[in-house]
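Please go over the structures that come below.
Below, chain A partners chain B and then partners chain C, in two separate complexes.
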Partner chain A sequence: MSEGNVTPIRPAPAKRLLVIDDAALVRAYYRQALEPGGFLVDEAFNGIEGLEKALISPYDLVVVDVNMPKMDGLTFVHRLRETKEIACLPVLMTSTLDRDRDIAAARAAGVNLYLVKPVSEDDLRLFAGIMTGAVGE
Partner chain B sequence: MRQPTAAEPADRVAVLAALDGADPGARRTAARACRAFPDSIEIIAGRLAVETDPRVLEVLVLNLVAVGGPAAAAALAPLLRSDDAGRRFAAAEALKDLGPDALPFFDVLIRDPDPQVRILAAEIARGHAGGAAAQTIERLLAEETEVNVCCAFVDVLADIGTADTPPALRALKARMPGNAFLTFSVDAALAQLPPD
Partner chain C sequence: MNPLLAQFLVEAREQIGATTDGLLGLERAPGNTDLLNGVFRSVHTLKGSSGLFEFPALTSVLHAGEDLLVALREHRLVLDPAMLDQVLAALDLVSGWLDHIDNTGLLPDDAAGRGTPVIAALRAWLGGSGLGGPVPAAPVETAAKGAGSALPSWLREVPEAVLLDTVERAAATGTPLLAVSYRPETQCFFKGDDPFALIRQLPDGLYLDVEEPAAWSPLAETDPFSCIVGFRALSAAPRDEVRHLLRYVDSQSEVVEFEAAQLVRFAGSPVGDPLARELGGALVAHHERGDRASLAEAAATLLDTFDGTADAAVLRWIARLAPNPTVANPVIGSLVTAFATGTCPAVPEPAGPADAGGASEAEGDLPSPVVRLLHEQMEMLHSVRNDAWIGGCIGSAAKLAAKALRYAGRRADAERIADTGEKAFAAKDAALLVRAIEEILGKKPAKASDAARPKAATPGTSLAAVPALHDPAHERASTVLRVDQSRIDALMNLIGELVVAKNGLPFLARRAENVYGSREMAREIKEQHAVIDRIALELRNSIMQVRMLPVSTVFQRFPRLVRDLSRKLGKHVELVIEGEDTQADKTVIENLFEPILHLVRNSLDHGIETDRDAMGKPEAATLTLSASQDNDQVVIRVADDGRGIDPTAMRRKAVEKGLLDEEAAGRLTDEEAVNLIFAAGFSTAAEVTDVSGRGVGMDAVRTTIEKAGGRVDVSSRIGAGTTVSLHLPLSMAVTRVMTLSVSGSQFGIPMDEIAETVRIPRSDVVAIKDKEAFLLRDRIIPLVHLDRALSLPPKEEAEEIAVLVVHVDKQPIGLAIEAFGEGMEVIVKPLEGPLTDLPDYLGTALLGDGRVLLVLNLKEVLE
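Take a look at the complex of A and B:
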C-alpha cells in the first residue's frame, strides 16, 4: 500500500458539556469526574446563565439540576426545547427529587435522561459518554 | 385569588385586575405596584401560589422580602412544598433573605419529615453565617439518614460554618464512608472552613 492511500487517524474531538447547578460543590464534583474522561466541562449557576451559554457555545450535552435560583431546571429545558438553535441538545437531568411525578415532569419537559442524586462518577461518565456518542468512537 | 370590589379605588382595581391578567409584563408591573397596599402580603401570597412566569414570580418574591416580617415568612413557608420547582426555590431564597423573621420557620422546616423540604430549608440558613442555624444543622447532621439531605447540609455549612463545624463533618464522613459525592463534599467543605 502506498503512503498516499493511508487515511490518517485523528483523535475524535473532545465532547463539550455544560453543567448547570447552583451548588458549587456539585459543579466541582462533576468536573473532576468528567474531565479525566476527556470531556470539556463548562459551568453555569442557573437556568438563565445556562441558556445564555448554550446559545453562545456549541455543546454536546447539558447536565442540569432541578432546584436552582432565578430559573429552575425544568423551565430551562422547556426554554431550550423552544429555542430553534439549541432545541435538539441532549439533556441529562440530575436531581434529589425521586418521585414518579418529578421524573414524569422532567420527561414532559424534554429531558432525555433523569438520574437521581447522588450520581456516581462512573455513572456520570458512562451516561455522558453514551449521550454524546463518545462511547464507541 | 382575591377579587377587587366596587368600593376600592380605581388604581387598586386596575392593579388587581392586571395581576390576574394574561400579559406577564402587565402582571410584573402590577406585582411591583401592589406593594403599596396595606394588605400586600395577602395579595402577593395569593398570586405567588398560582403565578407561572419566572420574571413575575421574581418580582412577587422580592416584594414579599421588601415588605418583610413574620407574616411574609408565613406566606412563603408553605411554598417549599410546591410541585413547581421555580416556586419552591424562590420561596427558599426569599426566606433566606428575610433574615431573623424566617428563623422560627427554619427551625420547623429543617426537621420536616419530607427530605425535599429539609434540603430547601437548609438554603434558608445560608443567610445566617456562624449563628444558631449553623449549630442546628450540625446537630441534625449527626442523625440525618438521607444522603442527599446530608450533602445539602454540608454544602450550606461550607458557607456558614465556623471553626466548630469540622468535627461534625468528619463524623459524617466516618458514618457514611461509601458515598463518593458526600466524601468529596465534606473534603471540599473542610478545605473551605476555618480550621478547628
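Take a look at the complex of A and C:
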C-alpha cells in the first residue's frame, strides 16, 4: 500500500472531506464546524451519491451518518471498502445510535472512528484534523 | 400499534414534560447546570429514540433544540426569555405531532413544512450573528486542547507514599497505568447508578480517593439524593477493561493512560543544595556499576542531610526503587541524574505531559484522542470478518494510525506503522498491524497485570480492602409496570358490573323466600352475598388505587401556562404549587384541567392588578395552586393575592343584569354576593372586568365541577385576593345512590346530596304564598313535590309525607316523595345520543334485577 496511489495526498494544505448525511441541517452543521478550520467540505445526501462523489474526487476523509434513505451508512462503508480505488479511505461515522451493537456493527463494516451524535464542533475539528493529517503532517 | 412506538410515545411525553419543567426552572435559575444537563439529556434521548422511527421532521426539530442546548451547556449562548419561548414552541409542535402519531401512526403531512421555521428559529440563535454567537475555535487551539490531557492534576494531591507503592508495583509488570476520574452526575441515583459500587469494581485498582466538592454546604441544605462527590483512582488494568466497566458512565468519567515513571514526583523546595552535586557522584558510580543495593544504601544515608528539600524526595525514590529489580534501569538512572545535576523538576505541571526524568520519546504519553484513534483501529481490525473489505480496512487503519502518531509527534512510530501497514495490506493480515499498534501503545499481548494487584491497604484507600461486590441493583429491572389506560378502564368497568351483579343477590334471596318458599336458601344466599360484597369492595378499592393519579399530572401543566400568560399580560406572577402529591381518581383528575385553567386565567387576567406598586403590594403577585384531601374529597384551591371581588359591585351588577331585584340583592350577605359570579349568564368578561375583575365562564366552571359530582366555593377579600375551591369526589367511578319512588317510578339520587330522611305529618306543611314549607328542628325548609317537579302525574297524598332533605347549593330543601328505597352503589352512565340534552338526569344505572334506574340531577330538577 502506498498513500500516493490510493488516495493522493494533496499538496495544498486544505484537506477535503465528504459529508454524507440525509439531513441538510446535519451537513450544514458539519460545514459550519469544519470550514472555518480550513477544510474543504463536499456534501452528499445518501450512500449512493456518496460513493459516486468519492469515486470522482479524492477525499481525505468521509464523514457519514448511519440512517439514510436509499443507501445507509453501513452499506456505504461496505461498498467503499470493496471498491479498490477508494477502499482505504478513512471513514468517520456519526450517529445518535449509541448502543454497543451499533458501534460493533460499524467497526465490523470497517469504520475507522465512530462518534455518537451530537458531536461537538471541537471534537469534529479535532478528529477531522488528526484523521486527515491536517494537523501534525 | 407497534409496541416499540407505543413505548416511544409514552416516554416522549414524559421527556417533553421533564424538558418543559426543566426549562421553566432554568428561567428562574439560569446558572443551574444540573437543570440544563437534565433538559439536554431529555431532548437528546428523545431525539435519539425518535431516530428509531421514520419521523425525520420530529428528529430534526429535536436536533435543532438539542444543538441550542449544547450551545447553552458550552456557555456559547445564554438562555433568554425569547429563546425560551421558541424552544417551548418547538416542544409544543413536537407534542402535537406525538398526538398525531398516537392517533395515526404517522407525522402530519405538513410536519416538514411546519418544522422548518421552528428549526430555523432555533438555529438562528446558533447562527453566530449578534451577541453570544459561537466563535469557531482555531484549529491550533483545538489541537492544544487535545494534546493537553496528559496527567490529571489531581495526581499531584496523591501522597508520595502511595505514588512510591504504585510505581513500584507497576514497574513489576511494565504496563502503563490508568488514572481514572469519575464524577457521577448529581442525579445519578435516580438512574439506578451506584457510583461507589461501580468504582469499587475497578480492575487492578491501586488507589482510590474521594473527590470532595469545592465547598461542603451546611448539612441541613445538603440534598442526600444528589451525588456531590467524585472518585479518583489508579488502575493497572488494560484500558479496555476499565472502559468496559465505565461504559455506561463514559461521559462522566475520564481515563488517562500514562507510564508509571511519570508518577515520579519530587516534593519540597525545587532547588537542591549545591552539595548534592558533589555527593551525587557516588550515586552515579553505584548506578553505573549496576550495584542497586549500594545505591539504595547511599541514598538512604544522604537522606538525613537533605531532609525537606526536593533533593530528599529524589533520594527517597532512589532508596525505595533501587532495591527492586523489576524497576527498569533507565528509571533509576534518570533519578540519579536528576539528583546529581540538580535538575529535579518540582511537580509535574497539569497542563503538559510530564517529562519523567528523561524518559525516552517512545515512553512519553500519547494525547488521548490519538490513543482513542489507535484503539479504534485495533477494534475495527478485530471485528472485520469479511475478506472482501479487509484490505481497505487495513489500509485505512494503517493510514490513520500513522497520521495520529505524526500528530502526536511520534514520527518514527508513524513510519513503522506505515511500513507494517503496507505489509499487512499485501498479506491481508490484520493481526500484523494490530500487533504493531499494540506495541506502540505499550501494551503487552499477554496479560501480566494480575501481579500488580495490591496486597495490603496503602495510605490511600486501597481497593483491595473493599472487595468488589457484584451489585444486583444494576440488573434489577424496574418494578413499575406501564399499562394502557384502556385496560384499567376495562377492568374498572368489569368491577362496576360485578358490583351491580352483586346487588342482584338480595333480590334473589327475596325471591328464594317469597317465590320458592325456602327461607333457608334465602339465608344462605344472603351469607354468600356478604362474602362477595366484601371481596367486591376490596377489589374495587384495589383497582381504584391503580387508577389514582397524583394531582401533579394536572398541576405540572400550569407553570408553563402561567409563565406564558403572565408574560403576555406583562404581569409578574410567582406560581406556588402545593400538595401536588394528593391523589384522586383518573377521571376526576382528567376533569380538573379545564376548570383550573379557567380559574387561573381569571386570576391572571382580572384578579392580579397591574398597578401593584401603587397598592403597596410586592411587584410579583402570587398565584397558589394547592390540592389536599378532605375525607373522601379532594379539594383544589386556586388563590391569588390580587384585588379581590367587591360584593357591593357584585350586588349592583346583579341588579343591573336583572338577576335580582334591589331588595333581594340588599339581603345577600357579602359571601353570597361574591358567589354571584357563578350565576349563569351573570356577565361576560368585558363587562365584569370593570366591576370586579371576575366572572369569565365561572358558571362553566361550576357546571363542569358539578357534573363531576363536586362543588365550587369562592371566598374573597377586597384588596387581598380571591380563593376559589373546587371540592371533588376522590372517585367518580362508583356512586352511592339512594333509590326512591315517585308516582310509581323509581329514581336515584346521589347519596352525597342527601342530608336526611324524615316523615312529617301532612298538617305540618305550611303554605307560604304559592310555595310550601315545613319546620324541621326550628328551621323552615322549603318543600318541593318531586312528582310535580318532574311533571309526573300526582298521586293521592298520604297523611304522612316521606321527605328527603337534600342540600342544593348549601340550601336544605325537602323533597316530598312516595317512598324511600335503599342505598346502593351503582355506576352512573351518562345519557347518550338524543337523550344527552335532558338536563334533569345525571345518567342511568343498571340495577341488580336488570331494571334501569334514572339518577336525578337535583339542581336541574329544582331550577
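Assume the second predicted complex is superposed on the first by the 124 of 137 C-alpha atoms of A that agree within 3 Å, B and C clash if a C-alpha of one lies under 4 Å from a C-alpha of the other, contacts with A are read in each partner's own complex, and residues count from 1 in each chain.
Throughout what follows, contacts are C-beta pairs under 8 Å (C-beta built on N, C-alpha and C of every residue); 3 or more make two chains touch, one makes a residue touch a chain.
Just so you know, these numbers come straight off a predicted model, no measurement behind them.
Of the two partners, chain B and chain C, it is C that touches more residues of chain A.
Of the two partner chains, both chain B and chain C are touched by A:96.
By the touch criterion stated above, A:75 is placed in contact with chain B alone, chain C being left untouched.
When the two structures are aligned on the shared chain, A:41 is found in touch with neither chain B nor chain C.
By the touch criterion defined above, A:20 reaches neither chain B nor chain C. By the touch criterion defined above, A:29 lies against chain B and chain C together after alignment on the C-alpha atoms of chain A. In the superposition on chain A, contact of A:67 is made with both chain B and chain C. Touch criterion not met for A:54: it reaches neither chain B nor chain C.
Once the two complexes are overlaid on the shared chain, A:107 sits against chain C while remaining clear of chain B.
After overlaying the two complexes on the shared chain, residue contacts for A:125 are found with chain C alone; chain B is out of touch.
Overlap of the chain B and chain C interfaces on chain A: residues 23, 25-26, 29, 32, 67, 96-97, 118, 120-121.
Taken together, the chain C residues at the contact with chain A in this complex read 44, 47-48, 51, 56, 59-60, 63-64, 66-67, 70, 74, 119, 123, 134, 136-139, 142-143, 145-146, 247, 369-370, 372-373, 376-377, 379-380, 382-386, 388-389, 391-400, 403-404, 406-409, 418, 421-422, 425-426. On the chain B side of its complex with chain A, the touching residues are 54, 58, 83, 85-86, 88-90, 93, 115-116, 119-120, 147-148, 151-152, 154-155, 158, 179-182, 184-185, 188-189. Residues of chain A that touch chain B in their complex: 23-26, 28-29, 32, 66-75, 96-97, 101, 117-121.
Residue ranges on chain A touching chain C, taken from their complex, read 1-3, 6, 22-23, 25-26, 29, 32-33, 36-38, 67, 78, 80-82, 86-91, 95-98, 100, 104, 107-114, 118, 120-122, 125-127, 129-137.
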